[in-house]
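See below for the structure under consideration.
Think of it as A, B, C, D, E and F in the order they're written, each chain with its own count starting at 1.
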Amino acid sequence: MAAPNTPEFQISFPTPHIAHVEITRPKKLNSFSDSMFTQLGQVFTYLSSPDNLDVRCIVLSGAGPNFTTGLDLQAGLQAAQQDSTKDLFRQNLETQKLIQRWQDDVSAIAKCTKPVIAVMHGYCFGLAIDIASACCIRIASSDAKLSIKEIDIGIAADIGTLSRFPKCVGNLGWVKELAYTGRTFGAAEAEKHGYVQYVEADKESALKKALAVAEQIAGKTPVGIRGVKDVLDYAVDNRVEDGLRYVKVWNGAALQTGDVKEAIMSGMEKRKARYEKL
Amino acid sequence: MAAPNTPEFQISFPTPHIAHVEITRPKKLNSFSDSMFTQLGQVFTYLSSPDNLDVRCIVLSGAGPNFTTGLDLQAGLQAAQQDSTKDLFRQNLETQKLIQRWQDDVSAIAKCTKPVIAVMHGYCFGLAIDIASACCIRIASSDAKLSIKEIDIGIAADIGTLSRFPKCVGNLGWVKELAYTGRTFGAAEAEKHGYVQYVEADKESALKKALAVAEQIAGKTPVGIRGVKDVLDYAVDNRVEDGLRYVKVWNGAALQTGDVKEAIMSGMEKRKARYEKL
Amino acid sequence: MAAPNTPEFQISFPTPHIAHVEITRPKKLNSFSDSMFTQLGQVFTYLSSPDNLDVRCIVLSGAGPNFTTGLDLQAGLQAAQQDSTKDLFRQNLETQKLIQRWQDDVSAIAKCTKPVIAVMHGYCFGLAIDIASACCIRIASSDAKLSIKEIDIGIAADIGTLSRFPKCVGNLGWVKELAYTGRTFGAAEAEKHGYVQYVEADKESALKKALAVAEQIAGKTPVGIRGVKDVLDYAVDNRVEDGLRYVKVWNGAALQTGDVKEAIMSGMEKRKARYEKL
Amino acid sequence: MAAPNTPEFQISFPTPHIAHVEITRPKKLNSFSDSMFTQLGQVFTYLSSPDNLDVRCIVLSGAGPNFTTGLDLQAGLQAAQQDSTKDLFRQNLETQKLIQRWQDDVSAIAKCTKPVIAVMHGYCFGLAIDIASACCIRIASSDAKLSIKEIDIGIAADIGTLSRFPKCVGNLGWVKELAYTGRTFGAAEAEKHGYVQYVEADKESALKKALAVAEQIAGKTPVGIRGVKDVLDYAVDNRVEDGLRYVKVWNGAALQTGDVKEAIMSGMEKRKARYEKL
Amino acid sequence: MAAPNTPEFQISFPTPHIAHVEITRPKKLNSFSDSMFTQLGQVFTYLSSPDNLDVRCIVLSGAGPNFTTGLDLQAGLQAAQQDSTKDLFRQNLETQKLIQRWQDDVSAIAKCTKPVIAVMHGYCFGLAIDIASACCIRIASSDAKLSIKEIDIGIAADIGTLSRFPKCVGNLGWVKELAYTGRTFGAAEAEKHGYVQYVEADKESALKKALAVAEQIAGKTPVGIRGVKDVLDYAVDNRVEDGLRYVKVWNGAALQTGDVKEAIMSGMEKRKARYEKL
Amino acid sequence: MAAPNTPEFQISFPTPHIAHVEITRPKKLNSFSDSMFTQLGQVFTYLSSPDNLDVRCIVLSGAGPNFTTGLDLQAGLQAAQQDSTKDLFRQNLETQKLIQRWQDDVSAIAKCTKPVIAVMHGYCFGLAIDIASACCIRIASSDAKLSIKEIDIGIAADIGTLSRFPKCVGNLGWVKELAYTGRTFGAAEAEKHGYVQYVEADKESALKKALAVAEQIAGKTPVGIRGVKDVLDYAVDNRVEDGLRYVKVWNGAALQTGDVKEAIMSGMEKRKARYEKL
C-alpha cells in the first residue's frame, strides 16, 4: 500500500517504532476541510497496513500552536449543502451518508491496531474532542483550550464525542455540562476529570512527554500491546463475564508467541528485548 | 394540560426559558410523602408538555435549608403497609407495584426532554440521591450532607440510586463504600469524585450558580440541547458503535432545523440568537 | 463444608462478623503458585458457605510487607507448560482451560455474597490488580507500589484486570496508559483516580482502616448489604432501565424481611440492631 | 379506577376470570381513529388495575367480520398533520411524540400483567399486526387476511410490528418479504410460520377456541402465570445467563406463595384449585 | 478425575468416541431426586474432563419407557422445604441457592464442550424440557409426551426452560401457550415447531438415530466441532457484529491445528480421517 | 464511482430498478478465489453508490447450474498460506486479517441499503450459506443442495454462517445438527425450516420468482423500503424497547418525505406510483 497523498497531514518517524502524525494546516488553525477527514482516515489505515508493521505507537498533534479548531465552517457548510429541490428525507439520507463517512474516518484512529496518543495544545474545539476521544491517551499543554463546541452551532456532536467522551471519563454530570454549554475548559480541568493524562508546560514539552510514553510502549512486545488494546476496547463496551471470556480466547493463542519468552529472558538478562515486526 | 395541583411543589419562572421547581415542605425537612412522588412526576411531565414549550432548562431545589431528608418514614411505612392476611407473594407484588410507581415518578426527571439541574443543600439523604442522580447536573452548597441512607433501614436503594449513581461517577469502590455504609459525605467529597459539578458557599450562591448555568443552556438552540440529552443518555447505556449509529440517524434530521443557520448567523453577527419554541 | 486446607492462606475472625484472609507466603513476597489460585477460590467459597453465615464482611491482605508480587513466574511457567508434541490448537485449548480455572478462582471473590475489602500494601503487581479489582473496596498503605505488570512479560492481563479495572475507575486513558506501559504507580495516584478509596500511612493503619470500614458494614442488616452488592453489580453491567427492573423484583421480596423493622426500631430506640445470620 | 369511557371498545366478562375486549367500530372495518389508540391503552391499563384483580386472561377480537383494517387513513393523516409553518425538526419532534404515544398505547397490551389472546379474523392489516404482535397468543379464522400494510403508504411500520413481529416467528426471510412487499397472507401461511397458533373455520370458532385456551390459563395459579409472562418476556430479550439469574430472583419469592401448595393439593385431590385474586 | 459415583446415571461407550448417558431410575419414571441433579452435573463435568478426551459426542436417554417425568415431587418438596421459623427473606435466599444449584447442574450439559443429543421418549415432563433444551439436538420417539408441566404446580419453570426453550424454537406464541397451559404435546407437534429434529417410531429407533447422528459428528475433527459449539452459542446470545468478531479471534488460532490438513487430505484420499484426542 | 472491474461477476439490469448480479465462474462451479471476495464486496458497494440510485432491489444468482460450491480450496489454501518461519501468533493475526477481509466483503451484502434476494440453485456449499444468510430473502430451485460444508475441512464457518444463519431461522437444534454434521440438505427441507422462502421447479423459475418479488419491492417507495431494512436489522439484534425507540427517531424524519403522499395518492387514484431516485 503506497503512502497516501495527504497534503494536510505529515507523517514522520522520530524512532523506527514511533510514527508522528501532524495536522498541517496551521494557517487555518488546523481546521478540517472535507478532504482532511478522508486524509485522516487514510493516514491511520496506512499506519495499520503491512507497510508499517514496525510502527508500534503513534503520536498525533497539530502543526503550529493549535491542535485544531474543528470543522472549517465554510468547508463544512459546503460539504453539508443539500440540493433543496430534493425530497426532504432524501436530503436527510445524504446528510447521514456524510456523517457516516466522517465518523468512519475518525473511527480509523480507534480501530488502528496501535495505541495513539493525542497531544492537545492551543485550540482544541469541536472535532478536536471527537478525534482526541478516539485516541488511547491524551496529553495536554497548559495552554490548551478545549470545548465541545458543536452546541454553539446548534448541533449534537456527531462524529464521536457523544459516544466516546463519556466512556473516557467517569463523570457524567461534567460531560453533560460541557456538552450543553459548550464552555471552554482548560488542561488542568481536563486532567482533574481524567480526560487528559498529563499536562505539560507548553506544546513542546507535551509532545516530548507523548514521545516518551510512546517510547515506553514501543519497548513492550507488540503482540502484548495489540492484545491489551483489543481486549480493553471490548471489555469497556461489554459485561465483565464477556470480557473474561474474550480475553481467554485471545490469550489461548497469544501466549503461543515467542515474544513472551523473549520478554521474560530479556528481563532476566537485563537487556533490551528484541521483538519481530507485528 | 393544566398546571398540576402540587401543594408541595412550587414552579416559578425566573426567566422565560427557565423553570425553578422547589420542594416546599420545609417543616418536614422536605421529606417525601407518597403523594409527593406523584406530584414530582406530574411537575416534570407538565414541564415537558406543550404548555411549556418555552422552558429550556429546569432547576430543582428545596425550600428552606434542606434539599430533602428523603422518604417520610411514617408516610413511607403507611404506603408500604401490606395486608398481612394476604398471600405472601401477592404482598410482594403489591410492593413491586409501589416501587414501580415511585421509580416512574423519579424517572420523569430523567425522561424530561429538558436538562434538569439539582441544587443540593443541607440534608440530602436517601431519596435525595435517587432524585439528584436522575438530574443532568448537580450543584451543591458547602453545607450539603449527602447519604445513601437506605441501608440504615435495611434496604437496597431502589428508586434509582443503585442504577444511576454508579453511571454518574466513575469510581465504583467509592459507590460501594457509600452504599454499604450509608455514611454521610460532604459537598467537597462529592465534587472530588465527580458527583457534583460545583460547590458554592451556601444555598443562595448554589442556586445562583445553577441559574447561571441554566441561563447558559437556555441560550443555546433547544433543538441542539434536546439532541445532546437524548443522544448522550443513549450513548452511556450502549456501545460506541451503537451510539454512532443513533446520533447519525438523529442528526440526519436535526440538521434540517433552521436553528443551525440562526446559531451560525447570530455568532457571525455577534448578536443574541433567537430560537422558536421547541 | 469443612474449612479448606489452605497452607498459604490464613483465615481469622477479628470479630464474629468479620473474616480476615491473609496471603501467607511472605518469603516469596506472596507470589502465587498454581495451587494458591485453587486455595484462593476455596477460601472465598468457604466464606460464602452455610458454615459462615455469621460472616458479614471480609478483609484481604498479605502477610509481611507486600500484598503480592503476582504470579510466581517459575510456578506459572510450569503450570502453563504445554506438551509441545501436541497439536497447536490443542495446546491453545489447554491454555484456555488454565486461564478459565484461574479466572474462576479470582471470580470467587466477586461472586462472594459478602463485601470484600482489599488492603493493598508493598508490592501489588500483576495478579494483585486482578484480585483487588474483584474486591468491592480498596484501601492502600502509602508505600503501596501498583503495576499492571503483565505487559512486561508480553501478556494482556487475563485473570480479570482488563475486564474489571476499567469498570472500577472512570478514567479510560489512565487505564490504557497503565496497561500499555506497566509502569508502577503509587497509592496517592491510585486514590486520585478512584482505584483505592483510602490511603493510610502504613500497612498496619491501612488494615485498621479496613477493619473499621468492615465493622461499619457488619453493623448493617446482612439482608440489605447482600441486596446492595447483588443489585449494584447487576446495575453496572446493564442499562438503567434494566437495573430499575431488577431491583424492583429483588426488593419486592427483600422488604419482607424482619430486618427492616429491626433496623428502624433500633434506630428509634438508639440501640444497636441485632440481626439473624444470613 | 373507574372503567374508562371507551365508545369504540367493549369489555365483557364471559366468565369471572376472563375479559373479552372487542373493537367496536365495525362500520369502519374497526379502523383506528386517534382516539381509539388512547382507548386501547386505557382498556388494558384498566384490566391490569386493582379493579380487575380477578381477571386472569384477556381475549381481543373485532366486532363484525374484521379484526381491524388498521389506521383510519383520514383520521391518521389528521393526527399526523403538522403545522407546516413550523421549523422542520420541530415538526419531526411532534411526529415522534405522536408515534411514541401510539406505541405506548399498543405497548399497554404487552405490559399487561395478564396473557392476551388475539383473535384474528377478516381484514388484519397494518396496525392489526402491531397489535397482534403485542399479544401473547394469536388464533385466526380461516378467512383472515393479514398484511404488513404500512409499506403501501410508504412507511416502515412503527407502532411495534418491526420490533415484535420478528421475535414472534423464527423466519427472518419471511418477515422481510412480508414487510418489503406488504402482500396479503392468509391464516394457513401465518400458522405454518408460527405467527398464529391455531386456525379455526370461522370467526365464531376462532373466538370459541380463544376462550377455551383462556379458560385453561385461567385455571392455573395467577401467580404462576404472571411469573411465566414476566420471565419469558425478559428471557427473549436477554441472554441465557441473564434469564437464569432473573428467574432465580423471581422464584425465590414466588415459591413462597400459598398457591403452589393449593396447586399440588388440588392435583392430588383431583379437585379444581381455588386461588385468591392476584 | 475419577468417574463419579452416580447410582442413577449410567455411562457407557457404544463406540470409543461416543458416550451414552442413561437416567436409570425407571421405577420412578426417572423422576429426579435432589441427589440426581448433583449426579447429572457430575456426569457432564466428568465427560468434559481430561479422562474423556476421546469422547466426541454424548447421547442422553432414560432407562425404560420414559425420559423423565421431571422433579420427584416428594423429593423436590423436601429439598425445597424451608425452616419456617426463619426470616422470610432468608428463606427466599435459601430457595435461590437451591435453584442456582439445580440450574448449575443442568447448565453442565450446555457448558459441556461436546455436543449432547437428547433422546426424548415416553413422558418428558417439566425438568425434561429444562434438560433437553440444554442439549444441542433433540430426537424423539413417536410416543413422546412433552409438557412444560411446572405451571401445574404453580411455578414458572426455573431450571432453564424459560430461558432456553424460546431460543431453541422461533415460535414465541407457541412457547407462551405451552408455558401458560402446561398442555401435553406430542413428538410430531414438537418436530413441526422445530423443537425436536427427528421423530422415530419408537425409543429403540430414536436411540439408534441419535447414535447415528453422534457417529457422524464423531467423524469430524473435534477441534472443528468444539469451535462450532462455542461460536454458535456465543452468536445466538449476541449481535451479528459480535459473532463475527468472536469467530475471527477463535479461528485465527483454530486454523493452526493440524486437523484441517488431515481433514482435507483424508477427503482427497477418500479415507477415514484420524484425529488426535482433544 | 466507476463500475468495478469484476471479471467473475456480471451486473445486468432486467428493469431500471432491479440489478441482477451473477457469479460467473461456472467452469469452477462458481467457487470463490481470493479475488472474488474482493469483487463481491465491490459489486455491492457499487450498487449502493450514487451511480445506482435508481436501483431498488438486487437479485443474486450463479451462472450455470450451481450457485457456488464455496471457497475454491486451492485458492483458499494459497490465500491462507502463512509464512511458517514467522512467530505463531503473528501468523494467527495474519489469518485474522484475512478472515476480517472476507467477512467485510460478504457483509457488504448485508450493509447494502437495498434488499438482496439470493437465488439458490445446484450446489450451495460452505460460503454459499455465508453469502445467502447475508441476503434478505432466499429463493431456491428444487435441485438445490445446501451444506454448511466447512466442518468437513475442520473449520467452524467464519465468514458469517454461524452468526447469521441462526438468526434467519428459529430452529437452533436444526442449525446445530447441520453445522456439526455438514450434511447436505435440499430445498424442501430448507423451506420447511424457513431458511428459503420459495422453492421453484428449476433455476429458471427460481430466478423468475426472484425477479417477480424484486419487481414487487421495486414498486414500493424506496424511502419506505430503506427504512424497513434498516429498522428490521436493528430490531433483530436489539431489545423490543430499543427497536421501538429507533423506529420512532427514524420515522420522525422519514414521514417528511413526499413519497408518503405519492403512495397514498397513487393508491386512491389507482395508478402506478412514481418515486424519485433515492
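What we mean here is this: a contact is a pair of C-beta atoms (placed from the backbone, for glycine too) under 8 Å apart; a residue touches a chain by one contact, two chains touch by 3 or more.
In UniProt terms, the chains line up like this: A, B, C, D, E, F = Enoyl-CoA hydratase/isomerase family protein.
Remember, it's a predicted structure, so these values are computed and weren't measured experimentally.
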Each chain counted as touching chain A and chain C at once: B, E
Interface residue identity across copies chain D, chain F - same or different by half: different
Selected from A-C, C-E or A-E, interface repeating A-B by over half of its contact pairs: A-C
Whole-Å gap between the CA centroids of chain E and chain F: 33
Separation of chain C from chain D, taking each centre as the mean of its C-alpha atoms, in whole Å: 47
Residues within chain D bordering two or more other chains: 88, 92-93, 167, 169-171, 194, 223, 241, 249-250, 252-254, 256-257, 259
Chains grouped in pairs wherever the two touch, ordered by label: A-B, A-C, A-E, A-F, B-C, B-D, B-F, C-D, C-E, D-E, D-F, E-F
Chain C residues within the chain E interface of the complex: 86-90, 92-93, 223, 226, 253-254, 256-259, 276-278
Residues of chain C that touch chain B when the two form their complex: 115, 136-138, 167-171, 194-197, 213, 216-217, 220-221, 223-225, 227-232, 235-236, 239-241, 243-244, 247-257, 259-260, 262-264, 267
Footprint of chain B on chain A - complex, ascending: 73, 77, 80, 88, 91-93, 95-96, 99-100, 103, 107, 110, 150-158, 160, 162-164, 166-167, 169-177, 179-183, 193-194, 237-238
Chain E to chain A touching residues, read off their complex: 234, 245-246, 249-250, 252-253, 256
